[in-house]
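Presented below are the structures under discussion, each in the form of structure tokens.
After this come two complexes, each holding subunit A, first together with subunit B and then together with subunit C.
Up next, the complex of A and B:
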């Protein structure tokens, strides 16, 4: 599997580490109820088909990219950079 | 003794003899021979013993589908079991031996296995050994292991060199027959980057060695070679297809290759990425299922043709063919001209085509239609076969048997396209009821097929199919702009297969899978016992599960299952093929990632000093760390006890360069650390360090370490050696995804700093000599303070007064390039004060004495409360883990708590021991907790340990047993506070 990185181009999956489901948003520290925390920490959908997920290019530039990957074909449908560095990067 | 070398023919060089040994006997062949062809030419009939029944077995095929002729190749230092004799090229000095026989190939006492024939039938292993107790298995295992099996695994490391390359191309063409060559040439002409591979040493596929086709094959190859954008790889097997058009290829560079070069690797693994794959993998001939079809001397009919044309070898002196289609009649006259004595042909069909008839007429051989072979006579070689009238509608014999003299029987039930790769790529095989075979099915758009794998069994259609298919592919890849509609050739039924799946009505074992000894009866039994799914059938009978992966047996097995169930073959379905197509050596997969090259080695700046000082090194992740520095005849325990004792008496020094170090910088750095650690950092003054405990979101402890505030917006975080990379990744995730608003930047500086921790009552005295300009007085340099300075030789240092050992201690860091110089200077400064270097063992002893926790205790299941650090947590600001750390289950009184243990005898406490009240209890019994760390404490002069114990704090003062039932060791211990030594910290605070 090749994963696109906005700095480094298409790179082999072995250069990346998987950081999990990108659709999960961390609850607000102060306000969230236990149910929201439980969902954030434990519950994942494991969809068949397109899935948004985070991969870190830690064998390269260390950027964390958010990709949409088809979990059946492993086709990468979209990619964008995360974090403060994302300006001007990605599609 | 029936095969012999023909006077002419074959792609061998008769001027270049080659000598090798088989079972210790000298055998000669020619350059261009395979082990199989050379042995066949020398009259060898017996090649091996079968897996289960130890039946004598001969050569079956001419290619990688060979189930029987497996040999072990040995060199001075090498040992390769299960090599297929059909794929091994003959070189001088090759040393091959047969397998799975005892004491010898011709006298195999273990063949007694087959006398008890029904005993080993389908499901035998499951029924006999997998019962509730498995007692029978335990008893019989050693006998069965000796009797059943293939070659023995190598016992020594493989001295050969392997390599791996990543490569890229537009097109991969698998198979170098006429179809593959045609496709590769056309693609190369259009500028595509093409890789053409074939598993054999020579190209040509089915037509390899056929004199009528040789010019065509050579010309295609030469024209492809002329293109720089084309790569041709012979002796290369595509063993698997992986996600996103990635292919695994193994190129046998010097392995079994007579043109060996000194510096080339044995095998080369190609991890190939392509835009499209063209599979011209051809077809494999199908055996017929009749009693005795496994006897030495029975082989695939087309192998007889191929041995003559490719190697100039006749498989027998009096050959009979047994078939059910027209394909077996091809080239009969050409073979006769070469001197291959084919004297009769038995066909199950009552009528054959005019073309086939013409071949028979031209050769004058005997044609027996409407008959089947019913028996094979002779044990180590064929003497004659019985034939009888056959009813193709019932598959039954309907007349009297008669004998035909022969010494070799060629069988052919049709051809099966090699759909292994297409199946791996998700192609669902489709049954073609005209061709009576499976076809690859629909492509997902990343692969195409042409030639016989696509069902084109006519020579001209094969080429035409390659031309039309490659045109489609080139258009898809935008390499061809032609617009004219592409019309693929029709699939002609040139074989006229009259399908016969088994010959019934007579006794005797009729084999479906030769390698795993699965018979037609086994499949019937499996069906009777309720195994209906083909996947279950496969596992229950082990059909197709040998090293040949069912290349010969698959379709016959399916057809027999369909017959047993009264269904047609498409309804029964097929099993899915999985990689590898043929066995792949571990050496090729590992390539150069072996021994010290498996993973990087990290060495500190002081590494070679440690080695010179006699340190015994130990792996800490990728790092090498000194474990102990033994003196004289000390054993490990004596050495670490001395190191720990001297540290508490005078000074100890330990290399701490391996601790993870992360620079946390930016205007929001303090706020970020406040959220990352469970205790507060915002108010940490510049020039001070603080111990921090990190939790995971679920409230479990993640890591710990000290973080130093170098200035307002610049912190140096230290992590445990093991978690350095993970902690960085963890924090990067929060900064990128959860808190992108925080202005913080993280930089790993682990390799940039070398560090030494110095500890002990005389440490100030020593540091004052080494770093004279810094004031080490208690008030001038208080606990947890950071100071910058330089040594008397001018080495810049950054120090922090913190202690892991409980002694008065400092961590001294310097840029890594000064690491060794600093280390040596500290040693010379401490020389008069009995300074001792200590390793990880003494480091562990000292921290256990103080009750400090490391990853043995912070094991991914412990909360801060459990290790006695609950009170540290910030009450005001939220942090990672604060929301979930107070869940009710974490507050349960029965949850483990960290305690100390003191051995009440002179015995050490074993790590992993369980804590129980009564060691006489029979296991399994309730465990109250377990020992996480243990050592001899020189300070207490006792064996001590740390443990996680249910409700531990309340059990302090009680006596328990640390029990290790597997070793029968039960040590009486007293539960104490986890801090064994200097609880008030007077020694470190001075």
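Up next, the complex of A and C:
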């Protein structure tokens, strides 16, 4: 499986570290109740089909990439840079 | 259904083996049952069997979208062990081990349970210390465990590369002598045949497409063979848990589906006498009675519903194999395949009532579900029949993720890919 990186292009899956579901959002530290924490820490939609997920290109430029990938066919549907270093690519 | 016996074998041999009966019926779905089990794999069929045998509930249907045993019960590396350190896991898997030990007689079906031992290799003194801790915990729970030093490992498995020059030299190991392997398909077929004999309808090619609901409560299933009603519906669908539960309106579960690959080599004369795990990474191997080496390693570590994996894991697994057994370098891999694992976020299973009225959930087996099959069915049947868990599965709730009583055997944290 090739995972695209906006900086390095299509690279082998073994160069990446999988960071999982990109749709979960850390709740507000001050306002969250235990249920919200449970949802954030443990609960997943785990879709059969398009899945928005994060991969870090550890064996390359270390950029974190947000990818939509079909979990049935492994086809990559979309890709964009994310994380603290998402801007400034190509400079 | 004729019972298997020496007499039946002799009689059928003399008549050319042309007169064996079908091992289970192919019934049409009835409009309603007392209990419906979704999923005709090992766990679902075992549940149906124990519902009839232990609880006298015979009006049960097992609905399966394909053919029985087409999922993970036919896709594993057949290892059976009960060497878990944490108390809920230790007691549960040891109960499973005891059921395995009498299973061929109970089912009147040879499940080829072979207690050839499982040896976990230690590659550092620290790892061996951790094995000593686990071994002590096991023995306190009445489970067999033997700590082996380097020389004892050499004597027990003489084929291993025990030289000091290997990448991860072997310093010892933890052996569970009663552990071993069983015939994967025989579990599905044995439970199916025995359940069918007790009056349970096994409905193959019957895919659940939706749930019949009365308010919040689930009161039946819509299937490709029509609607079927039941006040109690058990879900035991492994890697498809999230997908099936979503049809009942449950959007979120502490489960991710990941692909696990497994491998078989071409046949050899007897060469590997036990189940060996370790290698400095994650590797496990045994030899089947047909002679093929059966082995595997880690999951691919990304969400997947595809029953096939990628090349890095294949390379990793074979690297580990050759580090332990350099003599297999010229052996050819015969075939490999993938199965979809229901990876729970703490690495331990869920056998519980709910999460909706009328619904019961059996899931989160990660890649340790095969060995659990008898106890999983036994506990799930108890939970469904009594509307309450047995002491052995009381800890395997969904609520534990809210209350904080997670059962994290590996100490890996809330990351499905690490369990």
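What we mean here is this: the second predicted complex is superposed on the first by the 86 of 91 C-alpha atoms of A that agree within 3 Å, B and C clash if a C-alpha of one lies under 4 Å from a C-alpha of the other, contacts with A are read in each partner's own complex, and residues count from 1 in each chain.
We take it that a contact is a pair of C-beta atoms (placed from the backbone, for glycine too) under 8 Å apart; a residue touches a chain by one contact, two chains touch by 3 or more.
Only a predicted model underlies this, so the values are computations on that prediction, with no experimental measurement involved.
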Just to be sure I read the superposition right, which of the two partners does A:1 touch: subunit B = first, subunit C = second, or both, or neither? both
Is A:74 in contact with subunit B, with subunit C, with both, or with neither (first, second, both, neither)? both
In the superposed arrangement, does A:82 touch subunit B (first), subunit C (second), both or neither? first
Considering only touches as defined above, state whether A:18 meets subunit B (first), subunit C (second), both or neither. second
Is A:46 in contact with subunit B, with subunit C, with both, or with neither (first, second, both, neither)? second
Subunit A positions touched by subunit B in one structure and by subunit C in the second: 1, 12, 34, 41-42, 73-74
Sites on subunit B touched by subunit A in the complex: 166, 243-244, 246, 273, 444, 675, 697-698, 725, 729, 732-733, 735-738, 740, 743, 878, 882-884, 887
What residues of subunit A sit close enough to touch subunit B in their complex? 1-2, 12, 17, 19, 22, 26-27, 29-30, 32, 34, 37, 40-42, 54, 56, 58, 62-64, 73-75, 82-85
Under the stated contact criterion, what part of subunit C meets subunit A in this complex? 240, 242-243, 251-257, 301-306, 310, 312, 345-346, 401-402, 414-417
State the interface residues of subunit A toward subunit C in the complex, per the touch definition above. 1, 12-14, 18, 20-21, 34-35, 38-39, 41-48, 51, 53, 69, 71-74
